[in-house]
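Heads up, the next two complexes both have chain A, just with different partners, chain B and then chain C.
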Partner chain A sequence: MKKFSIAVIMLLTLISLVYLFPLYWTLVTALKTSGEIFSRPPVFFPSQIIFSNFYISLNIFGAVSQTAIGSVPWLIDSTIIAVLATLVSTFLIAAPAAYSLVRYLRSVWLGRLILFMTMIPGAVFIVPFFLMVAKMNLLNTWWGLIIVYISFTAPFATWLLMGFFNDVPKSVEEAAQIDGLSPYQIFYKVSLRLVRPGIIAAIILNFILCWNELLYALVITYSPFPSGSQTVPLFLTSFIIIEKNFAWGGLAAAGIFTMLPTLILGIYAQRYLVRGLTMGSVKG
Partner chain B sequence: MSEVVIENLTKKFGKTVVLDHVDLKIDAKEYFVLLGPSGSGKTTLLRLIAGLEDVTDGSIYIGEKKVNDLLPKERNIAMVFQNYALYPHLNVFDNIALPLRVRGWSKDKIRHKVRDVSERLHILSLLEKRPKQISGGEQQRAALARALVRDPTVFLLDEPLSNLDAKLRVEARAFLKKLQKELGITTIFVTHDQAEATTMATKVAVLNRGTITQVDDPYELYIRPNDVFTAGFIGSPAMNLVRGTAKRVGAEWEFFNEDLKLGLGNLKLDAERGVSMGIRPEHIRLARDGEGLGCTVSNVEPLGSITYVTVNVGKTSLVIQLFGKSDLETGSSTRIEFDKDGILLFGDDDGKRLDVTGT
Partner chain C sequence: MRRGQQLKVGLVLALPIIIYFFCFFVYPLFTLFQGAFTNGANVFTLDNFRSMLTDSILKIALVNTAYYFLGSVVVEFSVGFGIAVLLYNYTGRLKPIFRTAIFLPLMASPVVIGLMWLLILNTNYGPLDYFLSFFGVPPLDWLGSQALAMPSLIMANGWEYSPFVFLIIYAGLQTVPQQLYEAASVDGLTRLQTFRFITLPSIRPSIVVAFLLNAIGVLKGFDLVYVLTNGGPGYATYILSFYTYVVGFSFFETHYASALALLFLVIIGAFVFVMLKFTAVEEYLGLKRLKEE
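After this line comes the complex of A and B, so read on.
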C-alpha cells in the first residue's frame, strides 16, 4: 500500500466532503420535515426522519402517469434515450472511429481535436441543433434528442477508446492477420473484445451524461406529455417552475430517485471508470 | 515444405535503410537462424517474409511463387511472436482453432485437428484455460500449436525463447529442434542469442546493420568468421580482438602493437598493413616461467568445468580459457602463450578476414 502523509489525507478528505455534501444535503432534505427544510440556521441532522417525501415524489410520477403512456413515462423516455444514444455512439461510431484513428491514421492530434470539440459549451449549438432537428421533423421525439446526444457522446467515447485501442498489443493483431482474419474480423473478433473495460467505461460515462442532460432536452423536447417525450431532468425543472409552493422535500426525494440508476452503475463500474479516465488522460 | 528465396531485398522506413540489398536462399526443411544484434534488421526481414511489412525493393519467393504482393494469409506461413500474441479473451482451444474457423472448417474436423496438434505439443490438459492462467512455457507451446495447426509451409519464429527463464529455454530449444525435425517444416528463427543460433540451426545468417555478413553452418561461423563483426558476435565470451600491425621480420611475419609482439609464421601478405588480430579464449594458455608473455590477472570467473581469466598485457585486455579450477588471483602476475593455429587476421580498413595463413 502506498502511504499518504497526513496533510494529503486531510486534503483528500476535505475534497471528498465538498463533493459528497450535495448528495448528503439532497438526502437529508428528502428525509426532513418541511419545517426543518426552511429553518434558519439550516438543520444538518434532522431531528425526525420522514419518508413521506418519497411517497409524494412517487405520487408526482404517478400523477403524470395517469395522463400518459406508461406508469413512469419520464423514466422510460429517459432510459430509452440514454441507452440508445449511448449504444449507438459507442458501438456504431466511437469504437470503429477510435480503432481506425489509432491503427490506420495513427493521429494523436485528431484524437485531441475530437476531445476539444466536446469542450465547446453546449449553449453554442442550441440554435443550430434546434433548427436541424426541426428540419428533420424530429422535435419532441426520442430520435431528435438521441441524435443531439450522440453529437457529444460519440466524440467523448472515441477519445476514451483511443487510449484503450492503443494498448492492444500490435502483435496480437498481426497474429490474427497471419491466422487469416480480415481487417474487419480483426477489429470485431479480437481488438474490440480486448478493449472491453474501455467499452464499459464509455457506456457508463455516456449514459450518465445523457441521463443528466438538461439544456438540449429543454429546447428539443419542449412540449410535455402526452404529445411529446421528455426526460427526467426536464420534468424535475418544469415541476419547480409550474408549482407555486416549491415542494423541496419532494423534489429532493425525486432527485434521489432519479440519480439511483447512475449511482448504482457508477459504483458497479468504478474500476472501469477510473481506469478509463486515467488511461485516456495519459494516452490522449 | 518450401524453400524461401530472397533477392536483392531492400527495406526502408522513411529514409532509414533497415535492410540493404539482402540476398538469401533458405532450403526446404532447413532450420535457418537469422542472428544479429538488435537493430540489425533481422526481425524486419522475418516480418517481410511474413508479409507484415511492405517490400521497398527486391523480391521474396516462397516455393516457386513470388509473394511480394500477397497478404500474410495467402502465403501459407505461420509465425510465433516474441510475446506469443495469444488471444487473451479466448481459451487455448479457441486460440488454436481460430485459424481453422476463419477458413471455414467443420466443427468436427477442427476438434480433431486441434486435439492432434495439442497432443504433439503436450498441452491437451490446458485446452480449457485462458492464456493468463498458464505458464510462460505453456503459452509458448500454445502459440506453437496455433501456428502449426494449419500445416504451414514455412514456419517463422521471432525470438520465441527470450521470454522464458534459463532452464525452460534450454528445454524449449531441444523441444523445438526435435519438433522441427519431425515435421520437416522450413523454419526461420530470429534471435540475438548466438548460443540459441548455434545449438539449433542447420544454417545461420549473421546480420549487421541491414546487411548479411555471413551465411554458414554454426561450426564454420565459429571457426572462420568472415569479418570482425561476426568474429566478435559469435562465441561467448567473445573472441579477443586486438588492433595492431602485421609486418615482415626476416622470413616470417610478426604482429605487434604497443603492448605485445607475436610471431605469426609465414603469411600470404604483400606488404606491411594494419590488422585486427583475433584469437578465441581457448587458444590462449598459460606458459611456463620464462616463456611466453608476461601479464597481470585482472579478473577470474570460475564456471566449474572451466575458468575464464581476464589478463592485461599493458593496456591490452585478453580473455583466456583454462580447464577446471584456477589458482590465479586477481592482481597476480602470470605468463601466457598463443596457439598460432587459432589466430585470425582481419583487415583494419574493412574488417574482412585476411585469408593469409598457411604456406
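After this line comes the complex of A and C, so read on.
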C-alpha cells in the first residue's frame, strides 16, 4: 500500500496542475507585457509583472474598452441581477414549494415536473421568453433578465431544498405544533431555520448560475451598452469577438474580473456547495 | 391535522411555484406550439416541420450534437470517475488541496473558460502546441480545422465538467460503510474484486445520478460553442442549442426556431424518460420518498 504513495501523489499533483493550468495561464496573461504575451516559445513565468491590462482604458468601438476596467458597469449589473433573481426564487418560490412537497403535498408528479424543469436547456425557451419579455416592455432591462433567470433558479433551488427539508426531523415540528404554532409559523420559524445550510447552498449555486449565464442575456439584453443593461459574460463575449486576436492582456484581465467573485465564493463555501451539488445522490 | 386542512396548507405554500409553472412552463410551451404550427402570417401550417426534413444544416447539427454528447459524456465520466477513485484511496495530508484544485473549474464562468481555451489552443502563441512540440507534434490549428474543432470543444468542456462527475462519485464513495471493506478483506478478496463486488454496487446511485446530470449538462451546452468556435469552421461545431439560437436570433425565423425548440424538447424528454424507465434514478434522487407514508 505504502509503496504506491509517491506515484499516487505525483499523479494527483499532475491532475491538479492540469485543472489549475488554464486558470494560471489566464492570470499570467493578464499580468504580462504584450511582448511576452505574443512570444514564441510561450512565456510561463513573466520576467516583469504589469497591471496596466487591468486599468488603462483605450476605447474602441464606443463602449467596448480594451481593458478590464470597462467591465465594471457590467459587474454591477450582474451583481444586482444575480442577487435579486436568486433571493426571489429561493425565498418566495423554492423554500415554500420544497417544504410543501416534502411535508404536505407529497406529489411525485410535481416533484418530477420540478426535476424536469431543471433539465430543460435554455435554448428551448429563448423564443417564448423573448416574446414574453418584449410584451412586458422589459427588453434590455434588469427586470427582464431577472424574470427569465427565475425560470431556472426556482426549480433548481426547490429540488435542492427538498432534500434538506426531508432531513428535518418530524419530531421538531411536532413539538412546535404542541407549542401552538400554526403550520405557516412552523415553516417560517422552525423548519426554514433548520435548513440553513441548504438555503446557503441554493443561494450560492444559483448566484453562480446567474452570474455565468450567457444565452438568455444574449437574447434579452442584446442592445449595446450604455443603452441597455448587460451582464459580465455578455460584455466579455462582445469583447472577445472584437479582440480575439489582439488585446489578449485586457481580455484575460476582464476574464479574471468575471470569474473572481464566483471562484472566491466557491472556495469559501466549498463545504455547502459539495453538499448541495451531491444532495440526493448521496442518500441512496 | 385533518386531510383537507393539510391539502390547503400544502397548496398555499406551493402557490408561488404553481404560478411559476404557468408562467415559465405552460405559457412558453403554448407559445412554442403556436409558433411552430403557424407561419409568418399566423396561419396554421406544418411547413416548419416539413422543412426540418430537408434542412441539411439541421442534419449536420444533429450529428454534431450526438458527437459532442457522446464524446463529452465518455470523457467527463471516465476522467471524473477515475480521479474520484484515485483521490478516495489517497489518504494523505494534501487531500484538501487536490480536491479544491479539481473543484475550481466548476465555479468558473463558461465564457471565461472559452477565453482560457482560446488562449491555450492558439496555434502561434498557445502553450498546448508548445507542449506537444516536445513530442514531435507539429503545430495544430485546433479551432480552425474541421477535424479538430469538435475534439477541442470536448476537451474544454471536459475540463469544465469532469469535476462535476468527480464530485458526485467522490461523495458516493464516502458513503460506503467501512465494515463492508473489512468484511471483504476478511474474506480474502483482492483489490480488484473488492472494487467490483463491494464498491461498484454500493455507489450505483451516484453513478447513475452523475451520468444523468452530466448528460443533461452537456445537452444544455451553448456558451463554449458560442465563444470558442461560433459554430465553425463551416458548420463543424453547430450543435442543436446553437443552431436553435442562430435560427431564432440571427436569421430571425422565430417560427422555425420554435419548431426546432420543440424537437430539442422532445429529445431531452425522451432521454429523461428512458433514464427514469430503465434506471432507479428517481429513487436515487429521493423522488420516490414522496410516495412513502
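Here is the rule we go by: the second predicted complex is superposed on the first by the 231 of 284 C-alpha atoms of A that agree within 3 Å, B and C clash if a C-alpha of one lies under 4 Å from a C-alpha of the other, contacts with A are read in each partner's own complex, and residues count from 1 in each chain.
As a convention for this text, a residue touches a chain if its C-beta (ideal position, glycine included) is under 8 Å from a C-beta of that chain, and two chains touch if they have at least 3 such contacts.
The structure presented is a predicted model; accordingly, all values stated were derived computationally and were not measured.
> For A:Gln185, using the defined touch cut-off, is the partner it touches chain B, chain C, both, or neither? Pick first, second, both or neither.
In the superposed model, A:Gln185 contacts chain B only, not chain C.
> Under the stated touch criterion, which partner chain does A:Leu194 make contact with: chain B (first), chain C (second), both, or neither?
In the superposed model, A:Leu194 contacts chain B only, not chain C.
> Thinking of the overlay built on chain A, is A:Pro169 touched by chain B (first), by chain C (second), by both, or by neither?
First partner only.
> Mind working out whether A:Leu251 is in touch with chain B, chain C, both or neither, as first, second, both or neither?
The answer is second: A:Leu251 touches chain C but not chain B.
> Determine, for the superposed model, which of the two partners chain B and chain C contacts more residues of chain A.
Partner with more touched residues of chain A: C.
> Quick one: classify A:Val124 as touching chain B (first), chain C (second), both or neither.
second
> Take the contacts of chain A with chain B and those with chain C, and give the residues found in both.
Of chain A, no residue contacts chain B in one complex and chain C in the other.
> Spell out the part of chain C that touches chain A in their complex, as residue ranges.
So the residues of chain C touching chain A come out as 1, 6-7, 9-17, 20-21, 24-25, 27-29, 31-32, 35, 83, 86-87, 89-90, 92, 94, 97-98, 100-120, 124-127, 130, 159, 163-164, 167-168, 171-172, 175, 205-206, 209-210, 216, 219-220, 222-223, 226-227, 240-242, 244-245, 248-249, 254, 257-258, 261, 264-265, 268-269, 272, 276, 282, 284-291, 293.
> Which residues of chain A touch chain C in their complex?
For chain A paired with chain C, touching residues are 5, 8-9, 11-13, 15-23, 25-26, 29, 37-42, 44, 92-94, 96-97, 99-108, 110-117, 119-132, 150-151, 154, 158, 162-163, 166, 183-184, 187, 208, 211-212, 214-215, 218-219, 222, 232-233, 236-237, 240, 244, 248, 251-252, 255, 258-259, 262-263, 265-267, 270, 274, 277-278, 280-284.
> Given the complex with chain A, which residues does chain B contribute to the contact?
So the residues of chain B touching chain A come out as 50-52, 71-73, 77-79, 81-83, 85-89, 98-99, 102-103, 146, 150.
> Please name which positions on chain A make contact with chain B in the complex.
169, 171-172, 174-181, 185, 189-190, 193-194, 196
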